[in-house]
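Labels for the chains are A, B and C, by order of writing; each one numbers its residues from 1.
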Amino acid sequence: MSARIRVDAVIDTVRRLHEQSPLVQCITNYVSMDLAANLLNAAHASPAMVHDEREAAEMAGLASAVVVNIGTLSPHWVTGMHEAARVAAERGIPWVLDPVAVGATAYRRATANDLLTHRPTVIRANASEIVALATAQGAGRGADSTHDSTAVIDQAKALAATTGSVVVVSGVSDVVTDGTATVIVDGGDPRMPLISALGCGATALVAAAAAVADTPITGAVTAMAMLADAGERAGRSAHGPGTLRPALLDALWTQRPEDLSRVVLR
Amino acid sequence: MSARIRVDAVIDTVRRLHEQSPLVQCITNYVSMDLAANLLNAAHASPAMVHDEREAAEMAGLASAVVVNIGTLSPHWVTGMHEAARVAAERGIPWVLDPVAVGATAYRRATANDLLTHRPTVIRANASEIVALATAQGAGRGADSTHDSTAVIDQAKALAATTGSVVVVSGVSDVVTDGTATVIVDGGDPRMPLISALGCGATALVAAAAAVADTPITGAVTAMAMLADAGERAGRSAHGPGTLRPALLDALWTQRPEDLSRVVLR
Amino acid sequence: MSARIRVDAVIDTVRRLHEQSPLVQCITNYVSMDLAANLLNAAHASPAMVHDEREAAEMAGLASAVVVNIGTLSPHWVTGMHEAARVAAERGIPWVLDPVAVGATAYRRATANDLLTHRPTVIRANASEIVALATAQGAGRGADSTHDSTAVIDQAKALAATTGSVVVVSGVSDVVTDGTATVIVDGGDPRMPLISALGCGATALVAAAAAVADTPITGAVTAMAMLADAGERAGRSAHGPGTLRPALLDALWTQRPEDLSRVVLR
């Protein structure tokens, strides 16, 4: 894809997102509940936080996309995650895995590994998590240090090739790859990582965009581009991470599809 | 009641709320935890988020009002909801049911139905949820579309008559009815629905106001009028849903009882 | 310690906090999840919300400090709390207990009592909670009324002596004592108590500072002084509790170690 086509596809995807308001079921961690729901609303999507095994599958059947985020795990939640991911996979509903801190504990590694059997449409994480996941999948080699997103492109591509998922690595620049095509999204504000769970919120936006996009990679690029543009505009009025958050929600809400033409994809 | 009397009763109820700072136990969903607690604090009430069956009943006995919100259900939480609602009903403590997304899954329908046996003092929901609940109670007919609050007045009145609860339907205009008297509260800001869980927060404010009001319907009208006035004032300085939220909390905190004379009740 | 030495130690502790970015595991209540994580990020620390018994101990072994907050209890969470506190105690990792509403229910009293067996490095609470805890520990006499922090210095000292913990009593002035030395931190903004779970966030900051401080009492004083200074600066631009919160995060993020020389310790 040329950058020109990509930007047009991105603009078109934002337009559809605004028009269709996809329902996004989020099984996500406690820290991210508030921000993810508000980001989805600000992006004209519709959040539904439903996690229990008694209704997770039924809800997934109603949703346009599903988020599974392992940030604050408990066994009952993991059961619900499997139910929702399974239904999403069976019915071709895009679902996005966010393997929060997957390298930190055995429980996270096992849970992420099990969830991968449902073949996520997209995996979104930071560089360290992608390396941990790629290593566990035999798709790359781990390292102890914290990684920069663009430094782990090879592992991201290998993970995409192994899993069949689009892989998004968040960072100063965001890397999006399906194993063959790779797009880098620049922009945003350097204080965005200080907003707790903004990465989890990005995962929710990826799901929303994937629900309406022609391809998962277009959806993933669109969501990251939306955040990059909104973050950059929000940063102009923010005095720190505290005021950046409401400004980011405002910027997303007032974002017009054509604003995405400002985002540089490479 | 004439509108004149109603406004006086509303002003008086806000005054009592400020003076008495009622303790409101909230068994509410994860998305709403932060906002509901902050709205209660901003309204001079006192929040207590206590849900487990080991202490829900004991806490309800100490509370001035109880909120039961089914937004993010799990079986252990449902047990706590029943404990708190049962104690509230037994002791005449106002309790408010928020049947979030009751039409979406069988688990929600069953849970809401079971909770109705404790006869909530108030039910607060959006139009679609009221229709779903009314239909399930044989108190109206459902429809697939999303509803406007004023379009479902008949179902709201029928639900109130069937359950004995005051019914609040949130929307551009809020409908409050006990089955006989019906009050419509106008105002607010069109971006308020973009603040995730603001409806759940409204439920918490209804509980707080019901704790001090002469009648449940006066409490419910007062809470919705407080939000309408505060939302309208907050909207003047807000640039989108992000900045609307802190502005709304500020507006509630600085709200004087007599400010409620600006709200039009009909 | 003279006040002069204390301020220097506080400034030095903030400097270390900024340099070392300690990882703070928080097992904390649902209301506080968002704010505690954002406060830690704004203070240059790194939050990790991990609670389940399957990984709580493993995570504690990786953390520089641990928070256990009993605000929204469930049995599975209590198991995780014990796991994390036990590992922290065994390995000399500072851990901080926040006994939210300990006086309200039997479940809270029992849970707090059990957790004390792991000998928390610091206990942070409001005056009423300190009195309830001190009374339960036979370290003072309870009372029904709400207490001012400086009115309960004797109970705080007695609780510190009985438990071996540093005790922090939050209030208009914050009291910090190890049973022998007692420091009072003034400052902040009178609207800070209206920010729900800010006390829980203070607990998280105490843990972060204790992770890098020479002594637990220096860490506790540093955290409260950081909040006092940041709150005071935030208050200048805030119009109420809503805008105070993002302003407080901004003020923490822009706080320089030498800013702490403005805080009066006595």
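Here, contacts are C-beta pairs under 8 Å (C-beta built on N, C-alpha and C of every residue); 3 or more make two chains touch, one makes a residue touch a chain.
Chain identities (UniProt): A, B, C = Hydroxyethylthiazole kinase.
Here the structure is a predicted model, which is why all the values come from computation and not from measurement.
A.B. asks: Chain adjacency by touch: line, ring, star, complete or other shape?
C.D. replies: complete
A.B. asks: Any idea if chain A and chain B meet via the same residues, over half in common, or different ones?
C.D. replies: different
A.B. asks: What whole-Å value do you get for the distance between chain A and chain B if each is reduced to the mean of its CA atoms?
C.D. replies: Spacing between the chain centres: roughly 33 Å.
A.B. asks: Can you tell me which residues of chain C touch two or more of the remaining chains?
C.D. replies: 30, 33-34, 245-246
A.B. asks: For the complex, give me every residue of chain B touching chain C.
C.D. replies: Residues 30, 33-34, 37-38, 40-42, 47-52, 54-55, 58-59, 62, 76, 245-254 of chain B touch chain C in their complex.
A.B. asks: Quick one: in the complex, what on chain C touches chain B?
C.D. replies: Interface residues on the chain C side: 29-31, 33-35, 71-75, 101, 104-108, 191, 193-197, 238-243, 245-246.
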